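As structure tokens, the structure follows; a few thoughts come after it.
Chain IDs A, B, C, D, E, F and G follow the sequence of writing; residue 1 opens each chain.
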Amino acid sequence: MREMAPQMYDRASTVFSPDGRLYQVEYAREAVKRGTTAVGLKVKTGVVLLVDKRVSSRLIEAASIEKIFQVDDHIGAATSGLVADARALIDRARVEAQINRVSYDEPIGVEVISKKICDHKQTFTQYGGTRPYGTSLLIAGVEDNKPRLFETDPSGALLEYKATAIGAGRVPVIEMFEAQYDENMDLNDAIFLGIEALYKAADGKFDPMTLEVGLIAVPFEKFRKLTADEVTRFADKIYEKYPKNDDKEDAEKSCKKKTDADEDSDI
Amino acid sequence: MREMAPQMYDRASTVFSPDGRLYQVEYAREAVKRGTTAVGLKVKTGVVLLVDKRVSSRLIEAASIEKIFQVDDHIGAATSGLVADARALIDRARVEAQINRVSYDEPIGVEVISKKICDHKQTFTQYGGTRPYGTSLLIAGVEDNKPRLFETDPSGALLEYKATAIGAGRVPVIEMFEAQYDENMDLNDAIFLGIEALYKAADGKFDPMTLEVGLIAVPFEKFRKLTADEVTRFADKIYEKYPKNDDKEDAEKSCKKKTDADEDSDI
Amino acid sequence: MREMAPQMYDRASTVFSPDGRLYQVEYAREAVKRGTTAVGLKVKTGVVLLVDKRVSSRLIEAASIEKIFQVDDHIGAATSGLVADARALIDRARVEAQINRVSYDEPIGVEVISKKICDHKQTFTQYGGTRPYGTSLLIAGVEDNKPRLFETDPSGALLEYKATAIGAGRVPVIEMFEAQYDENMDLNDAIFLGIEALYKAADGKFDPMTLEVGLIAVPFEKFRKLTADEVTRFADKIYEKYPKNDDKEDAEKSCKKKTDADEDSDI
Amino acid sequence: MREMAPQMYDRASTVFSPDGRLYQVEYAREAVKRGTTAVGLKVKTGVVLLVDKRVSSRLIEAASIEKIFQVDDHIGAATSGLVADARALIDRARVEAQINRVSYDEPIGVEVISKKICDHKQTFTQYGGTRPYGTSLLIAGVEDNKPRLFETDPSGALLEYKATAIGAGRVPVIEMFEAQYDENMDLNDAIFLGIEALYKAADGKFDPMTLEVGLIAVPFEKFRKLTADEVTRFADKIYEKYPKNDDKEDAEKSCKKKTDADEDSDI
Amino acid sequence: MREMAPQMYDRASTVFSPDGRLYQVEYAREAVKRGTTAVGLKVKTGVVLLVDKRVSSRLIEAASIEKIFQVDDHIGAATSGLVADARALIDRARVEAQINRVSYDEPIGVEVISKKICDHKQTFTQYGGTRPYGTSLLIAGVEDNKPRLFETDPSGALLEYKATAIGAGRVPVIEMFEAQYDENMDLNDAIFLGIEALYKAADGKFDPMTLEVGLIAVPFEKFRKLTADEVTRFADKIYEKYPKNDDKEDAEKSCKKKTDADEDSDI
Amino acid sequence: MREMAPQMYDRASTVFSPDGRLYQVEYAREAVKRGTTAVGLKVKTGVVLLVDKRVSSRLIEAASIEKIFQVDDHIGAATSGLVADARALIDRARVEAQINRVSYDEPIGVEVISKKICDHKQTFTQYGGTRPYGTSLLIAGVEDNKPRLFETDPSGALLEYKATAIGAGRVPVIEMFEAQYDENMDLNDAIFLGIEALYKAADGKFDPMTLEVGLIAVPFEKFRKLTADEVTRFADKIYEKYPKNDDKEDAEKSCKKKTDADEDSDI
Amino acid sequence: MREMAPQMYDRASTVFSPDGRLYQVEYAREAVKRGTTAVGLKVKTGVVLLVDKRVSSRLIEAASIEKIFQVDDHIGAATSGLVADARALIDRARVEAQINRVSYDEPIGVEVISKKICDHKQTFTQYGGTRPYGTSLLIAGVEDNKPRLFETDPSGALLEYKATAIGAGRVPVIEMFEAQYDENMDLNDAIFLGIEALYKAADGKFDPMTLEVGLIAVPFEKFRKLTADEVTRFADKIYEKYPKNDDKEDAEKSCKKKTDADEDSDI
């Protein structure tokens, strides 16, 4: 009977299971776990977001797979999970940011906007007739000269991290960060550590051309994405550290195979 | 029990399955996979959309099976899946385009209109009381002198492609494009490649009279459909390349047989 | 399990089956297939609609079984399927036609009104709390001096035909049209072909008194129904071509038997 | 599985069965079939409605079992099926009639009011959250100097009849009418034929005191109910034609037995 | 399968069973059948209502178990079934009566108010989201110098009676009335007959102190309840007719036993 | 099948069971039966309410477990069942009392406010989407110089009592009252009888410190709660009558054990 | 059947089980029992709240795991259970506090705000379409120079405590308080007792850096959180009393292991 329990409590997000869990929320987290890996690192001089977009076909315009978004001048966000849900949440965040500027004539706080997103997500776990959002966000920004990095999940929970990851590669990336992260790193080292983690999480099946990197440095307070050239320079250093044997071919091969199946990964 | 799982999570689009999937969205994609094949190719000088309408009876006015639609002067769209859903989405797109002209006195961006369609689709996957749209769209246009080609699916996901296909013949067409597509082709070659792909996807059961072709060239920024004569000229080149043996009769025979069953294909 | 599938997906029109079908819409089509046969033929000089009303009892006022309706001066429609649904759709069409006259001071286009009916039908297949309409329509009219003939089905799909049929006799009628239809026929020949097709579809159980025929000729642009006398004259030619043996008695006998069961046919 | 089907499609009127039927509508018709027999006859000089009210106890005020209602000066209606539903429909009809007088300063047409009732009934078969009406109506009136007689059923279907019946005795009454009805009868003969049919349908268990008869004659255009005396005079002629043996006692005995069970018949 | 049928159609009042029944309405009637017996008798000079309140404990204030209510000066009602539903219906009736006085400056008709209550009840049997009322009413009054006595049941059906009963003792009371009722009785005899019927229906377990009696006489047109003294005088006559042996003790004993179980009877 | 029946009809309060019961209402009564025992006694000179609050831990502020509430100057109420539901009902009662004072400038009647609470409760048993209230109330007050004591249950039924009890100890308390209650007692004796009944119902496991007592005397018309000192004086008399052997230790022991389990009792 | 019962009544909070329980509310309490341990102690000079936040990774900013919130100047709250629900409730409490200041120009009472939170929670247990809140709160404040400490649970029940605990460690903490709590302690001793209880509840796996402590002293009437330094000083005293053997390593080890599983604990 214990075995049957999940089926009985997991088809409506507004229902608790006997052990106090909300299965629909947990299943929405599964949607995130199947998504692309997104990484965030906060160091004293800024925050960096990185995503390995895993473009599965040369026919896709890689630029159209956007996983890192500018929310406001001073805030960016990386997403993992259902892409249409992510877009809806980013749109909502941008509107909140604009409302703040119009209402108070000042930029919205990073924590404030993160909480607003989470409050919105929470209502989708308590009221009937909807499903939870199947998307987690990493929200990066600078506020009062301090870098901030928040993670929201489908339940509407909010945590601030020094460094974290969401999506399919979360576990290996977190393990690497637990061992090597140091908040006194400079931003360049943080970017390199993030790329290295993504490289390892992808078992070396890695295409620097589909890396998306966004950062915000404390003195400038402007969130911006790195150009392809800038990303390549970091990637080159990865290849120096991990000389490419036959990895590349492997990656290509796997890329081919994935053409169809992979479409699932971010839905 | 794993075997039973689909039945338990797939009857309401607002519910996640234990592995984080939305079965109703995936089933809506099946409706698209059963639709007519629609193809889009973007080259540097423009975008072309092609559909093999598969008219099953001489009693049907082929012109009334419209699969390629003018959305605005500079934007066209090809559809596959449920035809009534497609019409509803095209109507919505046209209204959005007109609203943009009225509100801002300028044409709507290709990416903007594609996102609006996708946002609309996403809400049908999250709220109860409706089903997702059973239609994918290829949206083609020119924006800032650049050709654009977007694909939207029932989840509300949006991707930009260099070349892509939706509907029953998607897999063979994509394989052919992966091998032969080159973004430096001129538009005529793109049209020919598209027709050739449809010809192959249909196993040579092919009637140029029911081909629908739309295109937009960069300098003109006007989306237009090819006339029957223009299409025929391209088709003739197909027949040159693939000399008709008894293919035609086969096509006719199959056409006959399909009279009834085929009505399913686009519903 | 495949066998069980229909039961699991067919009780709500807002739900897709695993193979991307909407069972409620398909079942609504069954309601149409059980209806009276309605036939439409478009020739260069006009369009004709014909219905075999199959009046099952001499106590019924045959005139009250109306299957062909005037929608506007220049538009008529024949229906098959649930009669109360048909009446609701015809009412809606008439209102749309009047709104057009009031708003734009001109008659509504045949294609425009057909699309409006279809859009209305589509919403009944996507939103919860209702069932699809169990009625198909043949819509005939003249627009810009051209005859038009549309068919709408319960899904909201719309096709233009040269000649078509809906209801119980669809398959034999379509077969006859595929063989004998010619768009250069004159209107009288078209009427005769339509009556002949109904005669054959009814296996000769045929009562000219319960035939309903409507037509619109290109130069006049007025949809009108034939009088009983006019219909009789065409029927007489049928009897000339197919000399009545004992068909009539058979028809009467079957008519008797059907008194009760037949009430199902159009509901 | 075929055997199981009804249970699966018949619990919500908004759902089609696989063979295109609406079971809830058909079950509502069963409620009508269990109701009291109501009869209508239209002859050239007028229309007559008759109901055998089957009063089961001498404690009931027979007059309070009303089955024939005045809807407007020139329109009457007889009902069979759920009595509370019937009252709601009659109220609605009366309001429609009054609205017509107020809005257009003229009496509502018999066909118009019949269609309005049917349209109202149809919506109860298509939208969720309600059941169909469990009542059929015979609507009688005079319009443009012509007698009219309509029958509406729970689906919202509308037919005009020369002579018809609804309720428990429908089949034997219709059979008798098919044989003996003649539209050239005078009104008195029509009343006698109707009473005779009710007498036969009741197997001679017949109480003229509980007969309700309404009529409208063409020249007067006033619907009125016969007085008890008038009814008795017709009944006497029945007894002349069918000399009472021991029928009466039988009727009384059965009347006694039915005290309880019969309450079902009109609910 | 026939055996299973009830379970399948009886859980929502808006659904018909295959034989055209509304099970929820029939179950609501069961709630009435389990209620206290209420009796109504109409004679030429007035109407009397009687209820045996069956007070199960000496700790209850018998006066608070009200089963006969004044609705307006000239109208009273007796109830059986769910007591909270009864109170809601009586409140509604009183408001309707007051509205009539305010709107038309005259007392509401007895039949009019009965119909309004029934119409209200009917809607609870047709629309989803509610259950039918589990209460029947006997409505007594004088109108145009004539006594009137109506019975409404949970379906919203309305009948006028000469004499009737609702609740647990309905069958034996009705049998007695069929035999002994005479509309020419005077009011006192009617009261005595009613009390005698309740006495018999209760198998002699009878406490005159918990009898509630209301009456309205034609010339006065005021509904009033008898005082305890008046009731006792009638009861004494019962005891004269049926000399008390050991009945009283029995009644007391049963009263004791019922303390708990009896709470079900009117709920 | 009889055995199965409850499960089939008890999950929605708006549905009748085949025997005319509303299971959800009966289950809500079970919630009351699991609540703390509340007692009411009405004597000629006033009304008294008593509750044994059963405080399970010394860490709880006993005063915060409020079971007797002042509703208005002249009205008090004791509750048993779900405590949050009780608070909601008391709040509603207080608002009704204030509205009455504002609207009519006089205190609300005890019966009036009791009926308003009951009407509110009834709607929660008839309309879908809610559950019944899981709380009974004893409402005490003085009106026109007369003491009144009402009991409301989850169905919305209303009874006036001389003496009654709700909650876990109802049966033994009622038995004691049936034997010993006398409406000519003075108020002090009534309080003593009430405490004695609670003492017995609790099997002597009894802490006078957690007794809550409220009373209203006829001449003063002010409802007030007894102070701890006043309660202690009554409790001392209990201990005189029932000399404490080892009861106290037992009570303490049981108190300990109950720490966890007891939380269920009032929820 | 008893065994089956829970599954049948626990999937909608608006439904009672046969024994009068609301399973959804009880399951929501399970969510609280899986939460972090929160402790409250009220002594004569003030109230203290303590939470062991159990930060599972050095990558998390411990400060972002907020379990103790300032609600108003004079009110604080500690939470356990679903974190997103907690945030929603705290937001609501803050708004209520501000409304009170604006409306009445004075701070809201501690009991008043606690009741408002509970009333809000109660509605989520009675109306359909939502789930109960999966969060309990300890609300601490000073009111009229008196310290107050309330606990609310998912049902909306409200109790005032001298000392209490919610969350995973509730049972051992309560046991320790039952033995050692004394309301005459000074605030420092209360803080020490609270920390000691958390230390023991965590089996010595304890990191003073993740302790959150809030307090309000009677004379100041300002709720404030202790600084990290202040907390450390108390923790040092713990280490003096319980000399660290290898506990620390154990804690670290367990901390590591928990990285993944622990995410469940507060969701």
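What we mean here is this: a residue touches a chain if its C-beta (ideal position, glycine included) is under 8 Å from a C-beta of that chain, and two chains touch if they have at least 3 such contacts.
Since the model is a prediction, treat every value here as computed from it, not as a measurement.
Q: Nearest 5 degrees, what's the C-alpha rotation angle taking subunit F to subunit G?
A: 50
Q: Indicate the whole-number Å distance between the mean C-alpha point of subunit A and the mean C-alpha point of subunit C.
A: The computed centroid separation for subunit A versus subunit C comes out at 56 Å.
Q: Whole-Å distance, subunit A centre to subunit D centre, using C-alpha means?
A: That pair's centroid distance is 70 Å.
Q: Taking each chain's centre as the mean position of its Cα atoms, how many Å separate subunit C from subunit D?
A: From the centre of subunit C to the centre of subunit D is 31 Å.
Q: Can you list the subunit D residues in contact with two or more other chains?
A: Only 12, 128-129 qualify.
Q: Which of line, ring, star, complete or other matches the graph of chains that touch?
A: Contact pattern: a closed ring, each chain touching exactly two others.
Q: Mind sorting the chains in ring order for me, with subunit C at the start and subunit D directly after?
A: C, D, E, F, G, A, B
Q: Considering the complex alone, what residue numbers of subunit E touch subunit D?
A: Per the stated touch rule, the residues are 1, 8-9, 12-22, 25, 115, 118-119, 121-123, 125-129, 150, 155-164, 171, 174, 177-178, 181.
Q: If we count contacts the way the header does, which residues on subunit B are in touch with subunit C in the complex?
A: It is residues 3, 6-7, 10-12, 23-24, 27-34, 57-61, 63-65, 82-85, 87-88, 91, 124, 128-134, 259-260, 264, 266-267 of subunit B that touch subunit C.
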